[in-house]
Every structure is written in structure tokens, then in C-alpha cells.
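Next up: the structures, one after another.
You will see subunit A twice below: alongside subunit B first, and alongside subunit C after that.
Let's look at the complex of A and B:
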């Protein structure tokens, strides 16, 4: 039998502060409404969160690489609108391929500007947020986009089907999380991303092609956005032009909540997943508790701050640590 | 291209007008953003058609392209041209007020169409022509209540509401109309909870998922527009929950289709054609010296599975 002493437990807590926060909220919401923890709800929440989650996986790489991506919400709207529009024109297969190609082209463009031209990522992606929104509106003429024959297409598979009882969006989210976690933690590319974000100059001196690594993180982010757009389009079979509006901030919140540093160089895929789940379960929990919705905005903020505080406190080993 | 058709229109209506009546009314309109959505595109076509059909009217049709500055410049142009009346679809309810006041000072009556300007500008407006969102909400309550009565559950039915984006006048007014009217027509129906769907189909679907987990027994859903209503419907279908009465507002094409499929019960029909014709008529009535209410609403009728054949499928 393993022997734990106080410092082991302390070290464990320090490493998993955000997990503890997560557990606390789950228990709290379950006490408030036992239905919160029922399988149907849990699976529903994870499925809803999968779209945000897939986007957050990609942004995790961008943030660890020391940059920001505020264009993902607007880019997701673009992917969704494009794949829905092309579905009826080209058929589902070609539509998906074309949508991925176009979204990756946008990602490559951003990656080029930030990686090779060394432009500030905040400015570039903030600008792209509205530029891509304009692109989407131009594509659709402002109209809602809907698949005409909603029941006669296999396109519904990605958003609505279940495989062995598990909703497909959850499977795709899980699969991508595992693959990208391996990519980040176990491959030379992953180590380069940490190196570039942690200390860019040192990375350059050790021969890491900084520009290419940054470029790749944006390409990866665009790939995740395209996947999210596919899930979104397939789930609703129709969409407004603004479907991803504001999601860039939720994505960033999930990534930071998971413990990635905005300064780059730290964070993991697993922690981002936990960040995503915390946000998803907070939303569901507040709905189930039935708080007045004006109050929900405030409570959401309080819970996020609590989570970050618990995480930081666990790392420091104490709740209160004044500056100085 | 747009400019030439518009000029041509001005000329033909002027010719026709000259032949048919001694006095022609010149009515200018500055629209919000034609082409950004099908509602506004249809509105413009209907407005031009209505103006062409009326021999006494000469129309000057302008579009601000969503740009406040351009709209203000267009207002000034119309004042310079000394048109008889100006119709404005505000790009921004606050920023256009000085331009509206300028027209008012030049003794040109201003009709605001579709969405009203802010209250501090009301003194300079001759009339507002547009939809009445409170009535839309109360009509939705009546549709819901009638349906419950047909089903025989009016004594026990439980309803949830998915409202529009918090803070938006349209969202607040529709919710108020629904909440005030429902207990009057169906006193035993309970509105168990309201949550916002932010005018988004996806957000509404998530809200409905939570409602379905929380309440075993939901008989009706009122959504602030059909986009959200269809989102809620998708959630119910996913969860295999049948027999829920869905009622929305602003009948969208998706809502119309879901009604045709028998999944969605009813909505409120708001036609851009009616909207445009009402605006033109309001301006004409004012120039003819008729007494109009300040809020001159056009009718937005109830549409349900039963009478949907009388309505064309919405273009948006």
C-alpha cells in the first residue's frame, strides 16, 4: 500500500488545482439539482461543448506558441455557412473538402502574417475577426443558410448520429483531444511549440524555425475551426451568419481556465479540455438551478474567477499571497 | 446599375403622375442596408413596386448601406431636393436624430419605418410605421392557448419561453406581450421558466436541452423568433420528446418548413411587402392630411399549420 505524507498530497493538489475546482462545482450543482449529474445531461453538455472544445484544442497550440487567435469565432461562422451553402450545390463530400480547404487557406494567411511577417497576433486576428465576418456575409448575401433536404443526406452524421450510444461530436472531440495531446506532448513539433512560446529568441538560437512553427499553429487552429464548423452545420443543418460570434472569447477563457499562460510556453491539451468542460457545465448548471438570466452573467464570472483562484492558490500552496 | 433603375423609376413615375393627377407627391426613402438580408431586399422591391403602382407618387429610393454617415448625407440630399416627405429606416436609432430634426425644421414630415428611432427624437417624427412586437407576443400566447384547448390540456399545460437577446427592445416587448396575454386567455397554463436564446438557433438548442432535463413535462415552447424556435425543436427531436407545441414569431423559412412537416405549430407572419407598403401608405396619408396614430402599426397575422396555405413561404 502506498504511503502518502502531507507534502505528497500538497504536490498533487498543486498540480491539479483546476481539477479540484471542477469537482467542487460538479458537486455543488448536483446538490442544487440532482438531475445535473444524470447521464443524459452530462452527455448533452459534453456534446454541446464539443464545438467550443474542438476550437479550443487548436487555440491551445496558438497560445502555447506565444500568440493569440481572436478570429476563430468568426472563422467558424464562415466554415459553417460555406459548408451549408456548398452542400446543396456540390453534395456533402465535396462541400466538406472545399470548406476545409478554404478555412485552411484563411489559417495559412493568418499564419503567414503572424509567423513570417512577424505582425502582432492580437492586431492580425482582431482584424481578421471582422474581415472574415464580412467575407461570410458577402458569401451568403446576409441570408440564413439552410440545407434544403434535411432528412435525405448523410451530412447529418457528424452532428446528430451516435456510435455505440455515444454522440458523434463527443467522439470527434475526444479523438482530436487524444491525437493533439500526443502531438503536443510526445513529438518534436510539440516541443518546438513550447520552446517558441516560452522563449522565442532561445528557440531561434537553438535552430528552431520559429516562423514555420507559428505558421503551423495557425494552420492547426484553422483545421480545428473547420472541424467545429462541420459539427455545427451538421447539428443544425442550417445557420445564421453570426453562429460563432463571441466564441473567440469563450475559447480563450477555456484555454486560460485550463491553465495555459497568455504569455505562451505553458499549457496542455488535457487542461484545456477541463477548461472547456467547466464552462459547459457552468452554463448547464446555472440553467438547471434556474437563476434569473441577468444574474447568470455575473455568477458565471464569479465561478470562473473562483476556479482560477483555486488553481493559483493550489500552485502557491496557500489561498492568500499578497504581492511583494 | 441600381442608380439607373432608380433614376428611370423616378422619371416614369413622374410622367405617369403628371398625366394622372395635377399634384404629384415626391417621397424620398433612405433605407438601412439593402442586400444584407432577404427581408430588406424584398422590402425595397415591394416599395418600388408600390410606388410605381401609384400614379400620384414619385419615389426617390436611396440606400445607406448600413452606414450612418451616408444615411445622414442622404437625409440632407432629400431635404435639399425639397421632397414632400421622407421615409427613413434608421441605421442607428440615436445617430440619425439630428438629421431627422433638420427635415422636421424644413417642414418635411418624416416617417420612420420598421424600427423606431430613440425616444428623444419622437418630437421630430410624423409617424412610425412598423410591426407591433407587444401584439406579436400576445398573439403568440393566443395561438398557444387555442392549441392547448384543441388538445384538451388547457387546464394543466406547462410552457417554457426562450426569449431574444437580453436588452433588445424587440425581445423585451415580445416577451411582455406573451407573458401578459397568456394568463388572460389560459389562466391555468403555467409559464414555468424563461431563458434567453440570444436570437441564435444553437444557443436556443442548448437552453432547450437544459429545460428538457429539468422538466419532465413540457407542453409548449414560445420562442422570440422562429430561428430559436427551430433550435428548441431540434433539441426536443434529439431527446425524443413528442407532443410539444412550438410557437415562434417572425415566421422564417425554416419555421415555415417545420410547420409544413407538422413539427412546429405556429408563428407570427411579418411580411417585408406589408412593411414596405405600410410605410409608403403612411407617408401618403400624412401628405393628404389624414390623422394617423403616432405608432402606425401594420398587421402581423397569426400563422399556424391550419392556415399556412394562405401565406407564401418567407424568403428569409
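Let's look at the complex of A and C:
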């Protein structure tokens, strides 16, 4: 007879801990406030998660490739401010193109430093977090950026319109998720990202251009950030310089929550999407049960720690082990 | 040792992992003062058994006895407290700390206010070092010691408790012959104090030199225990692999084709100088020499991982410039690297993806990797190389060493190279898989591949090569045909003794 002992429970928690914790959260929130699982709230959560989600898709590639990207929050502020500023100077079309070009240039710069010069990604992107913030403030002169004629432009389409009843940010998130999921899981490029993150030296010995692959993951991440910046700018039509501040951690939390290992080589786009949704529902639940918005910051930290712990635990098959 | 109680006894140990019965009713015991060899191919269950003993894995059933007392091992600390200590192949020392701090790591003697009692620490350490008869003292920084002496520190760590049983896991892997003698002395000393020794090694010579009994595992099952004095290598090998092993000289002869690769005056800084050789299609060219003689560096240069400082590389008599592995692959050169775990495989990836990695760009249907094309290649080379895996989805890290090596060979063979370079083809692989890989290398040559084999094992070089290049300190000392080579002249060449004669 199968005995249910302590180590079984440990192993189960280690493997499926995130989903179990999520289920407990959902049930708890629903009991506390039944509005939590109404369609309204659910679609609201998904919509408000879309911007974070789009950024997390790109960071998924970076993390699987064995690196970190802590610059995405401040890069998103940059994209938002730039596109809002240029909107009134160049018109919406050119503004969007210019903003994508500038954001991709930032991504290429990071990719060059981490990929080709082989600098530590934590240091590089932590530095870029600060540098890009400075760049944004310099661009705006520290002022909030607003579109002057909010009703006379089609720019609002990305953040506010609906297509067949579905909010456009959700559509863009979903579309990107599908495309990037195919890119990661089905193409030679995706395979190389896993190889480079899983064992860079073996990848080199297999004739894979490691530097170029790392470079591309940062370019991809910048592309996602630019898209997120577009959604953000279009939704609010005006913004502070700090709109993306702190999002790098939430993005990282979502990616790890989805099960990507910080050591690189594992994770999937679908899992990241699940991570994003879990984070979104938990944050919405906290508000609905009447907790302060600020509690989110603490909870996000707790979730990161929990996710990292379970990631380690899943590898060794139990929650705690005397050897590393 | 008839009526004595074993110091350590494992009884009916069963351990299953998802899909694998890693240990199937294994029993095993060590008498006081006995050196007991534990042998088996990679994947036979030796490591798992030791992990059960060390409290890292909990057995599904079965019991462990220390003396007459049943114990449940829950952690390595507890195993040590009950007198079972491990000397691992990979040392786990803190380089920056002193010998004394390493030996008493985690249990430094204290005096008031949590201060370390340095005097006692060094006195205790020196007492232990004295029993080990080593030539360094307790204040020495561990990072400054040789590997052999670091191993002594590791053994010293085991002696801080009064050990009942000491398990040595491949302890001689990185030791010179002289250093081995010192180690064997220490083992003999432990033996004389009534400690039971479990000795895990693939090296027959050592096994027959120092052990009293030999127990063999195969496929997770206990296959029997032999008394060392009453058996021989052949019997042990047969028990391990279930059949006989062929390790004779290479005597097969087949047609050889044109010269596929030629190297002229190749030099790479201080690593090696003025190297000349050529290899024909259908030929196996062996490279023999000590570690550091420059063999691997030559291979890495041909594969585009190093830039030569002088000389030419010619393929089919045409000079080529190879500046990256991508170039090398384009020119039909494949390299099975020296270290399969760090250079050959992405351990977390499945078998198929590892095998097709270098050519994944060419296996596409539209923008996507073609599942069918990949599986076809995997199946073809799994059958050809007899790779034993439950399926292509199996994560490579879960395979045995021999099967992992076959995946790496399959990976490079499936590139259909003109020249295949194999660096240390059987390092860390059990005897059974070893001979399979040797046969495979011979077969490849017979099929017309030009093969270069780099090896530190003389029987291996003698067994597979048609010609042998002997290297010493970055230079080619001599080239032998398989008819003229003898163990003696080969050893002379690689130790520089014949240097004057040739030069």
C-alpha cells in the first residue's frame, strides 16, 4: 500500500508548489470576496497584466539564455516618454517607429556588452537601469509628458480600443505570446538559446555563435519593452518619468514563477504567461480583500523568494536538503 | 574473518527512481581491517548505493547496520557521526583556508565568547597530519598544496571522528604513481587500525594490489563477491559486463585512402611547436602523451578554437583557414571533446536535441525545426551506436557515462565529417562501454573516415591506432606504425628520454 509520508508531501510541494499555492490563493480570495472570480475582474486582471506580460515574454529569452535583464523597467519608462514626446512632434506613425528604433538600440548596446564583451549581465543591466533612467529624465527635462490633443489621434488604439470585444492590449499580448512561443520552442534559434543557457561551452563546441545568440535575446527583450511602452503610452496618453520603475522585479518574478531557472537553459513562454497571470491575480486579490496597494511590493518580494526556493527544491526533489 | 561482526553491513537495499530500479536488493558488508572493492560499470548502481549509505538518498527498503546496530542515515553529517566517512573523487576543500581550518571545518574548537582556540586547533591537526605522515603542516594554505596533498587533507578530515568505515570513491583519478603509493600506505594504516575500507575504482591494477575482496554490481543488482587473491581481471570483468573483453593490439587491416588531413609546421605559442602529421581516410592516428603535452591544444586548433602562431592545415592537399568551430564544421572536421559534461553535452537537454545541435539550422521545414528529420537522425545513430536510452525525450544528464559519450560521438558522426577527432574517447567510462567505443572507432575507420584519437591510456592507443604520434612537452617526438611500436619505446618517447636520438 502506498504510504503517504512526509517526504512525499515535500516532493509534491517542491514539484507543484507554485500551482498549489496559487490554488490556495484563488480559493482564499474567492471566499473573502466572491467578486474576485467574476468575468469582469478576470478580464480586468488580464488586461492590466498585459504590459507586464509583454515585457516578461522578452525577459524569458534572456533568462533561458543564462542572463538577467534588470533594465526593462527603466527602459519601458524611456519608451513611453519618448513615444509620447515624439507623438506631438512627428505624428503617431513616425513617433512609434523612432521609439522602437531607439529602444532596440539600447537593447543592442546591452547585448553587445553582455554577449560580445562577456560582461556580467547583472552588473550591466543594473547599471543600465540607472543610466536609462537618467537618459529618460534628460530627454523629458524631468517633466511629465502628455499628448496635447488626446481625442484627435488614432494613437489611443493600442491601449484603449477593443477588437471584437477584446481589449487590444490582451490581443497584442496573446499574439506576441504565440509568436514568441513558436520562436522559442520550434525554431533553430530557440534551440540555440536553450543550448547557450544550458551549457555555453558545449554550445561553442557545437559551432553555435554564443555571443550572437545572447545579443539577439537582448534585442528581443528590447523589442518587447518597446511594445510594452507603446501600450502604456497609448493607454494613459500621458506619463511620468517613472512609469516603469520597479517593474524589472515584477517581470523577473513572473518569469521565475513560471519555472524558468535563473541558471539558464530552462523555461518556456507558456510557463511565463502562467507566471504573469498568477502574479496579476494575486495582486488583484490583495486589493479586493481590502489590503493597501503598497502591500503588493512586499508580496511580490515574498513570491520571488518562494519561487526561487521551489525552483531549487524541485531540482533535488525535496524542500530542504543538507547538501546544496 | 569468520566470526567477526562486519563494521558496516547493507542489507536488501532497494532504491527506485521514476522509471528506473537503481538498486535491486543489494547486500554488501565490510569487515574490520578489510579493503573491499566495489566495482561495476557506470550506471551499475555504485554511486546510488553510496548515496544511500551517505544519507543523501533514502532507500525504499532495506537496512544499514553499523556493527550490530541498525541505523537510518538521514544526512551526510549523521553518516559521519556514526563513523562512516567518504573521500570523494572531487575534493570539497576551501582553497583559501589553512589545512587546520579545512580539517576541522564546521567543528572548530572554541574557547570563551565564541573565539576559535587556535592553539588546540593546530595541535589537533598536527596530530592527525602526523598519522598521515605528510610533509606539510597545519598552517599551510590548502590552495597551495598539490592535488595529492589536498586529498590527504580530505582524508585528515575523515580522521577527526573515529571512523568505523571509510569509503574511497575513485581516489587515484588524478594522482601520479608516486602519490598513489602514499595513499596506499595511508589505507594500509587505516586497515591496521581495524577500519573497514570500501574502495571504488575502475582501475584493475590497484584493485588487485590493495583489496581483500571484490564485490560487483551490474544493472543495480548484486552479482557476487570474489576473494581478490583467488581471482583475476578476466573473472572480475566478466562479472561486471557479463561477457569477455577484448583488449588486444590493433591487428585489423583494411584499405586506406588518400591523405584527408595534413598539418605542416603547426605551432601555437608555448603550447606546442612545429607539429607535422597526416592522416588518411580509413586510418586511425593515435596521439599519445602525458597530460599537458599539447595534444588537446592541437585538436582545438584544427577545430578552430585556437589560432595557430605558425604552420598550415591542409584538407585534401588544399590549405584551409579555420577560425571558428563553424568553419571547421563547414570543412568536414568534427571534434569529440575531452570533457563530455562541460564541452560535449547540454546535460539538461534531451538526447535528440543534443545530438542534432550542430546541424539544427539544416533540419528545418519552413521556419521550424523538423521533428521528423531530427528523430530520423537520432534513431539512425541510436541504432548504429547502440545507445541505450528509453527514448529521445530522455534528459542526457540521466544517462550513464558510456551512453552519454555515445550521444556525443553520434552528434559528431551525424555531421558526416571527413575527419573525426576524438579526444579521450573513454574517459570515466566503464570497461564494457570502453570496448564498445573502441570497436566503434575501428569500424568508423573501416568505413573510410579519417580518425584521430587522443588518449592518455596506453592500452587504448595501442588497441585502436594504425599509427601513433608520441608527444612530449609540445613537440612530436616520434611517429610509430602499429608494427614497430612497443610499450617501452612509446613510454620513452613520451617521457622525453628518446629526445636526443630523434633530434
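Simple rule for what comes next: the second predicted complex is superposed on the first by the 267 of 324 C-alpha atoms of A that agree within 3 Å, B and C clash if a C-alpha of one lies under 4 Å from a C-alpha of the other, contacts with A are read in each partner's own complex, and residues count from 1 in each chain.
Everything below uses one rule, namely that a contact is a pair of C-beta atoms (placed from the backbone, for glycine too) under 8 Å apart; a residue touches a chain by one contact, two chains touch by 3 or more.
All figures in this text were calculated on a predicted structure; none of them were measured in a lab.
**Q** Please tell me, clash or fit, for subunit B and subunit C sharing subunit A in the overlay.
**A** fit
**Q** According to the stated criteria, A:168 is in contact with first (subunit B), second (subunit C), both, or neither; which is it?
**A** In the superposition, A:168 touches no partner, neither subunit B nor subunit C.
**Q** Applying the touch criterion given at the start, work out whether A:83 contacts subunit B, subunit C, both or neither, answering first, second, both or neither.
**A** neither
**Q** Is A:265 in contact with subunit B, with subunit C, with both, or with neither (first, second, both, neither)?
**A** Only subunit C is touched by A:265; subunit B is not.
**Q** Applying the touch criterion given at the start, work out whether A:44 contacts subunit B, subunit C, both or neither, answering first, second, both or neither.
**A** The first partner, subunit B, only.
**Q** Classify the contacts of A:54 with the two partner chains as first (subunit B alone), second (subunit C alone), both, or neither.
**A** Neither partner.
**Q** Between subunit B (first) and subunit C (second), which does A:207 come into contact with in this model arrangement: first, second, both, or neither?
**A** second
**Q** So, A:222: does it touch subunit B (first), subunit C (second), both, or neither?
**A** neither
**Q** Considering only touches as defined above, state whether A:198 meets subunit B (first), subunit C (second), both or neither.
**A** Touch partner of A:198: subunit C, not subunit B.
**Q** Compare subunit B and subunit C by how many residues of subunit A each one touches, and report the one with more.
**A** Looking at subunit B versus subunit C, the one contacting more residues of subunit A is B.
**Q** Just how close are subunit B and subunit C at their nearest CA atoms in the overlay, in Å?
**A** Between subunit B and subunit C, the minimum C-alpha distance equals 37 Å.
**Q** Mind listing the subunit C positions that touch subunit A in their complex?
**A** 55-56, 58, 75-77, 305, 324-326, 328-329, 335, 337, 342-349, 353, 357-358, 360-361, 363-364, 367-369, 411
**Q** Under the stated contact criterion, what part of subunit A meets subunit B in this complex?
**A** My answer: residues 33, 35, 38, 40-41, 44, 48, 51, 137, 141-144, 146, 160, 232, 235-236, 238-240, 242-243, 283-284, 287-288, 290, 293-294.
**Q** Any idea which subunit B residues touch subunit A in the complex?
**A** That would be residues 35-38, 166, 193-196, 199-202, 205-207, 209-211, 213-214, 227, 230-231, 234, 238-239, 252-254, 257, 316 of subunit B.
**Q** Could you pull out which subunit A residues touch subunit C in their complex?
**A** 7, 182, 186-188, 191-192, 194-195, 198-199, 201-209, 265-266, 322-323
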